[in-house]
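Take a look at the structures listed below.
Below are two complexes that have chain A in common, paired first with chain B and then with chain C.
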Partner chain A sequence: MVAEQTQVPEPSASSEPLLRVRDLTKIYESPGQRIVACEDVSFDVYPGEVLGIVGESGSGKSTVLQCLFQDVEATSGQAFLRSFEDGERSIFDADRRERRELRTHQMAMVYQNPRMGLNLMVTAGGNIAERLLAADWRRVDEIRDKASDYLSRTEVPVDRMDDFPAFFSGGMQQRVQIAKALANNPELVLLDELTTGLDVSVQAGVLDLVRDIQRIYGMTAVIVSHDLGVIRLLADRTLVMKDGHVVESGLTDQILEDPQHEYTQLLVNCVTN
Partner chain B sequence: MSAEPILKVADLEKEIVLHILDDKQVAPLRGVSFDLAEGEFLGIVGPSGAGKSSLLKCLHRTYVADGGRAEFRTEDGDWVDLLSTDERTVLDLRRNELYYASQFLKAPPRVPAVDVVASLLTARGVEIDEARARSSETLARLNIDEELQSSYPALFSGGEQQRINVARALVDPPRLLLLDEPTSALDSENRARVLELLLEARKAGTAMIGIFHDIDMLQHLADHVLVLEDGRVSQYGTPDDIDLPDYIDAAVAEFA
Partner chain C sequence: MASATTDRPSSSVRGLIAERGGDFSGYSFAFLDDMAKREIRRATLKAVAIPGHQVPFGSREMPIARGWGTGGLQLTLSLVGSEDRVKVIDQGDDASVNAVNLRRLVAQMTGAEETLDTAEATLIQTRHRIPEEVMRDDQILIFQVPIPEPLRFIERSVAVARGMHAEQDYSRMWLALYEDIVRRGEISAGAGYPVMVNSRFIMAPSPIPRWDIPKLNQADTLFLFGAGREKRIYAVPPHTDVRPLEFEDYAFKTEEFDGLACEVSGATDVYLVESPGENGTSRWTASDTNYADKVAAGIEVNKQW
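What follows is the complex of A and B.
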């Protein structure tokens, strides 16, 4: 269990969205080929909320996150983050410097594969320091304190701080990645299939960690998963994607108990519990 | 009863289209209307498949209704249509004013029973220590001792899980409580304890809609009874006014 320090900011129905995504489209085009990864995807995320995106592989759900974190360039559409230009200019119009700042200060991504989010040949503490340095932290002692604080919050033994994540288990690598992503308190966290590929018992630990962090610190996040159990546990509201489009959205319990779209009905009925 | 109305349900309809079964259609609710006042208890009775749970789930928005309205008067005095208001408002109401106790506990895994209850309070802004103390007290009143309180509910018996559910519903009674057979797996001793808590909540002003197969509970609690048959209201009145259908007695006989 994560140490309880701060109080959750009181969420309120009247608050403004923290992120507004409008008509997000990503098309991969090469001679003779045109692949629509996602098309006209729109949604809002409110402060303190976890929004789930569920769908099978190839549905475009990870592409949405990659476009938001600007690992790939959106073909068209807009995304407004409250803290970027008061939410009046799309983050897709950011210049290089602003884009870098969005990725280091305001947003964080946790990838399915820890190799994407971590430098495995830099120590666990060094990985967190990297992120803090990018976010303009300068004092070595403060950085070290912060790194050990976040590693302990994510239940990575602090005596492993100076070891290389390359030699950690998959579950522990994922914890270090989460610690790194959260270390400078990003406004929005993007979580892409964060438990896929982990053993069930390790999955449970990572999910409990994310749930505790959400509950205690009121993290705002978009979580992408093909696993309805993960979505059920973490998300208040959920989008269902198929073939690059949002086919249904709603309260998570409604999506699971009274799915409206044919594809969602199929998805829900494939779960064996 | 002179209390203020808190909920006005009109012409509620629900239809389910099963696309994966060749668009098979079922219509659990075919136009249900009733009013509910603050501190009023409405008992719902009906044969299996009559639409009782669908009614509660539509009000909780776990189900999407297909017609009608359900105007709820919020703590702030605004009237909100539970069937059509935006999802953020529903989440906010669920956090603070509206609670649905299902027949089966759906607790998150690996969370001790006391915290399953306390999380409801912390979401409402109560400090964790106080939340745990209050939760522990409510659980104790429902015969869940300290050892069980610190264990994971997934390991509990059906009756114990049901009492965790009731504790969640009643540790800090909401303004509107939806109860879906919350005592179906309890013995008479534990049912009496639940009854005591429900009576306290009703006295404090909580409006309740409860599905019960237990005639004793109905007679102790219900100000009105609504009989649902085939998705429609077939009778509505005080418990003494209406003919309780045969299946109620049959259900009670099973428990006796």
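What follows is the complex of A and C.
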């Protein structure tokens, strides 16, 4: 079993996957056009684990995350989250209210473009407060304590808490977005190309940050990147996607050292050569 | 209005109609036809059954312009009978031109009696105030509402706002209040402070001052709200929980008039409005004119809502 070899902070919970995805398919259909963005994608994510999804641009990685976060509706397939109906009912069958619960309590998404994940009309602290307010926090001092806690975890100067992230640098916006995603301790964090839009100079800092957060707080995450360097640094296990399909999966180290599928071999050689 | 003084001597609806050679005889009782009244009453019953929920209704053309109380007027006309005693106040004042005209119109179209006395009235139509004098369970207070949607300021789309109400998805409303506190040190909403009705719906209490908000909670009286332009009716039935939105550490507060007293009645602990006095001074008087008159006349008034 692959799971036994992965880092698992809470051994008692390790036997059962936190997320099970089965035959996830998304087809974009318009008159005269049918795009299979992803097809029959299946995988498990265990508690405390970071699962990577790697593949070239257009391979369907973002689509998988968008379906899981229900920004878009999956065409078919199922996804079971341990905390949603004891993992017995697919989150794709959630009604609107349940879906909102999933998006504000159980899951969080960090988008490639911080503008997608942040509300630029409210302060950095307000962005974090939004998830706490959704969870019925009703003391301003406690909300602000918690917000500054999350901001300092993501190395955003706490004195910027009442400023608007619209005026922050890209790297700082991404840190605020991560802080927001961590607010209210979601069970599962989805991260899409988290450093792709950033200056090379700040990419390493953000990656280190996510790795440290994962180590310290044991976050469970699915992280998508076209960049094997990111995957190598953060992911315990990795899926390789091509043309909407999973072509290979396994421990990240194994995939990097001994890629089986010729597409993976190509990817790995591109990076190492 | 000022330009028309010479060729338009009448300010009352009756005067205007008479001047043009008409009378009320061709109209239905209470102006609205029976089908219109039924529809408004059905919407009202639904509103009472779902406290704080905005019920759409087919707002009719009225003989006053939208924005001048057509929603409240339609509610009043759908409920009023010839035995009723009708009072109309505009910011607490029975004597404003608009209040006078509305009151006369209702009385003349129904035979109902006009009154200025809060305690005597069976129906009170109001713009932006709740009377200081406690209302009873045999009375109805009808609010004229300009903007019925409390989420309007955070969500422009009516459809999205309705979805938020349906799912009780109010975190963005709370976020707006949080941001207000961060920027201004308090929740700055003055008139029209948002309230939670029956622990279910956030409601715009029409722009009444904060002073009046506590009166909505667990009252004996039926409160009806009519927005004519926006075509919405909503209600707070008697004995319903109505709570201002607040944080535990930033509690809701009413306006304070420390030290000031009403110049007409000497009353303190009453909602005061400022008007220019002589020699550039200001004059503070109770906005509820009937209350001030009663106190000035030595009449005892119960204001423990």
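Note that the second predicted complex is superposed on the first by the 257 of 273 C-alpha atoms of A that agree within 3 Å, B and C clash if a C-alpha of one lies under 4 Å from a C-alpha of the other, contacts with A are read in each partner's own complex, and residues count from 1 in each chain.
In this text, contacts are C-beta pairs under 8 Å (C-beta built on N, C-alpha and C of every residue); 3 or more make two chains touch, one makes a residue touch a chain.
Predicted, not measured: the structure shown is a model, and the values here were computed from it.
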item: Which of chain B and chain C A:D253 touches, first, second, both or neither; value: first
item: Chain A residues touched by each partner, larger count belonging to chain B or chain C; value: B
item: Which superposed partner A:R211 touches (first chain B, second chain C, both, neither); value: first
item: Which superposed partner A:A134 touches (first chain B, second chain C, both, neither); value: second
item: Contacts of A:V158 with chain B and chain C, given as first, second, both or neither; value: neither
item: Touching partner for A:Q265 - first (chain B), second (chain C), both, neither; value: first
item: Residues of chain A at both interfaces, chain B in one complex, chain C in the other; value: none
item: Residues of chain C that touch chain A when the two form their complex; value: 163, 167, 169, 171-172, 174-175, 178-179, 181-183, 247-250
item: Of all residues in chain B, those that touch chain A in their complex; value: 16, 18-20, 57, 61-64, 86-92, 95, 108-110, 119, 122-123, 125, 127-128
item: Chain A - residues contacting chain B, complex; value: 4, 7-8, 10-13, 46, 204, 208, 211, 215, 233, 236-237, 250-251, 253-254, 257-258, 260-262, 265-266, 269
item: Contact set on chain A toward chain C in their complex; value: 96-97, 100, 104, 119, 122-123, 125-126, 129-130, 133-134, 138-141, 143, 162
